[in-house]
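Heads up, there are several structures right after this.
Two complexes, one shared chain (chain A), two partners (chain B, chain C).
Moving on, here comes the complex of A and B:
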């Protein structure tokens, strides 16, 4: 077996051109996943009746069903949902141009949101209760205590876990190639249609994913380190 | 009129009676030390005063503001808390803030004092406890004794009517207790009303205006340090003080095989 190295090199720019889509998909999904995780987390932490049970039920369902199934579900089911909203608040449903990207974001957001809910809940609980009491003791309102003391510490505690989920999500977006999103993997596969150098195309994709992940890991490591500086026992001075 | 007035404070925790009707009146500038075995309710009593653990029953009056434990609005609780300061057993300094920010936080966020002025107040306080050179350090970088001294500064900065000390030296290594007690003695001298829960008998003897002995959720005995510590009237007080001094307990003739 010999690899078509010349094709591989020429294929790199083609596949790279789809990297923005992969990154957009990752960040859009991450944004909504965190939003959902915080909403779900508040329902659980505040023990809001009905909502708490609903969130827990929904999350066990999401965690118990493969991500690819959820992507396919959104791909086939969401168009019906959108059609139902046709004409509501000036929205017009366009059956010819369904937003495959949007459907994928919904699936990723709910899937990762379910997992990140646990991160939100456990990070909040990991903040020493004395911190809140100390904030109260200097006269802060609950909002001030949360916003200035508890949440900043919970965020720092959650960062390593969130970083992991980010890395997983970045790679998981490749599954969206199955549901008509022309992200990195789908583009790599399409680029091989000319000469059937399928293995080469996938190798290029793998290499790019790897490079992006290494870069992302280094950046996240630095952010983690910076945010964690106050936990260090030895003074930097 | 008394600075702090507690009337018939009762509280249950997990179905167990912790406080069974405590009445306490503390005058302005008075230093009250509360002694008692663990589980006697002394820490809980302290926490009912600033509503960190609201009592089930009873009223709390600080500096003329009376709040009923049973029906309190959160605005009242906030107002009451702003008349108090607290020093915690585990220091509870804000971990994500520097030493300086720990002290200025309450001033700028709660009292809305301009930043420069808050820093000035904080630095002056830090100087008093010899920590002005650690202003930019984070709590994790300080020893327990240093953290607790910052904790005292944080409470003092808000110029409270009364400072509540919840076993401020219990979590410290023995060699660090002295520096914290020293800071507390200085606070006492400044004339601020203090309610101190502690096991430091020497502090109680030297600094307290009044010593209270609690057991079983009630005040068993109270009086001047001399009265309570040197000649306790109640047998329970005597037994507790002896156990603190490691004197032999009854029965004295325990034998080991």
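Moving on, here comes the complex of A and C:
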């Protein structure tokens, strides 16, 4: 087994330069996933007729289908959608430069949004009903009670689950390399095109993913600990 | 979109023929990983010796890197490992590489599910087992394994569903399963109807997942059949 170690070391900066794209993809997907999850969660929690059933059906289907199929589906289907919007509100469809990054974000957002909907619903329900009543009893409006009392608690409850999904998402963004997004893995592959040191390129990518994951895990652990500092006093009573 | 549904109808039976292949790439890693995962779990709850750190490193690597990267590394790396011994495995079926990579990945996750469950079980139960004269094997077989299984099952179900969905990415190294075949059909029909073929594949994956879900639900009922008496 003869690894081209020299190339591996020289390849690290090249692959690292694509790390921002991976992180961007992760955070953009996470943002829209949470947005969708909250939207879906409200539909389920408020028991909005038709929409609730639709959301539950959609989520069940999304969870049962491989992510790569969804990515490819968005990759092929979204250009048609964009073409339909050609000329609407000054938007011009440019078939020569499709936004592969955007397509991947849509796929990730729907996939992880479906999973996070459960987190949103369960953490909202986990907040004690008495909290809302107590907020009302001191004269808060519904919005105030939600914004100041219920939602902060629900966020704390949902954090461990959300950080889990964040880690999954971070690793899942590597799949976007299949649909023409130049993130970490695709860059690692492209960087080996000169000397066919394919394995070395992938090993470098794996090392960076590993390091980033360990780092992210530690950071999330800190955040979780910090957010839970109020919980302890409650449980101690 | 035009005449696309015809492509959907014509590709569906072709893809159905590859369901056994997908199930193969699902079941073989499942069986191997359950055994390997249980062993890893045993090492990781035991003494902190060299083996413990080695196994922990293994688990950390396979949990900390994307499955896709692992598949590539095994696909390109394994032939290089075998090369010095004069064994050429470049002609091996891509599926074998996929199974090896997935076993490493999946057993890491399974071991963590087992470990979490093992740490959650009441240790008095094990002592109670020894106190009535169980041997170590009997204690494992009649006390530890059922209790761990009962707690680990919901986690395991999610992992198994992820594993099935993960088989879809095997097509990137040329494995022909449902997704691999769908990719070939897409290649044959350059430039049109891809959405309908993917939709057909999506529906098949969804149906397999429904079956897995049902199997696990009945397993959960089986393992918690004693709960009612206590509650």
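As a convention for this text, the second predicted complex is superposed on the first by the 232 of 237 C-alpha atoms of A that agree within 3 Å, B and C clash if a C-alpha of one lies under 4 Å from a C-alpha of the other, contacts with A are read in each partner's own complex, and residues count from 1 in each chain.
Here is the rule we use: a residue touches a chain if its C-beta (ideal position, glycine included) is under 8 Å from a C-beta of that chain, and two chains touch if they have at least 3 such contacts.
Predicted, not measured: the structure shown is a model, and the values here were computed from it.
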Three-chain arrangement built on chain A, chain B and chain C clash or fit:
fit
For the superposed three-chain arrangement, provide the angle chain B-chain A-chain C between C-alpha centres, rounded in steps of 10 degrees.
100
Tell me the contact category for A:79 with respect to chain B and chain C: first, second, both or neither.
neither
Applying the document's definition of touching, compare chain B and chain C: which contacts more of chain A?
C
Which partner does A:178 reach: the first (chain B), the second (chain C), both, or neither?
second
Touched partner set for A:102, first chain B, second chain C, both or neither
neither
Between chain B (first) and chain C (second), which does A:153 come into contact with in this model arrangement: first, second, both, or neither?
first
Should A:61 be classified as contacting the first partner (chain B), the second (chain C), both, or neither?
second
For A:135, decide between first (touching chain B), second (touching chain C), both and neither.
first
Taking the superposition as given, does A:144 touch the first partner, chain B, the second, chain C, both, or neither?
first
Rounded to whole Å, the nearest C-alpha atoms of chain B and chain C in the superposition sit apart by 23
Report the residues of chain A in contact with chain C in the complex, numbered from low to high.
1-3, 61, 63-70, 72-73, 76-77, 80, 171-175, 177-178, 185, 198-199, 202-203, 205-206, 209-210, 213-214
Inside the complex, what are the residues of chain A that reach chain B?
128, 130-131, 133-141, 144, 148-149, 152-153, 156, 229-235, 237
Residue positions on chain B within touch of chain A in the complex are 50-52, 78, 81-82, 84-86, 88, 90, 92-97, 105-106, 109-111, 136-141, 154-155, 158
Which of the residues in chain C come into contact with chain A in the complex?
1, 60-61, 63-70, 72-73, 76-77, 80-81, 83-84, 161, 165-169, 172, 179, 194-195, 198-199, 201-202, 205-206, 209-210
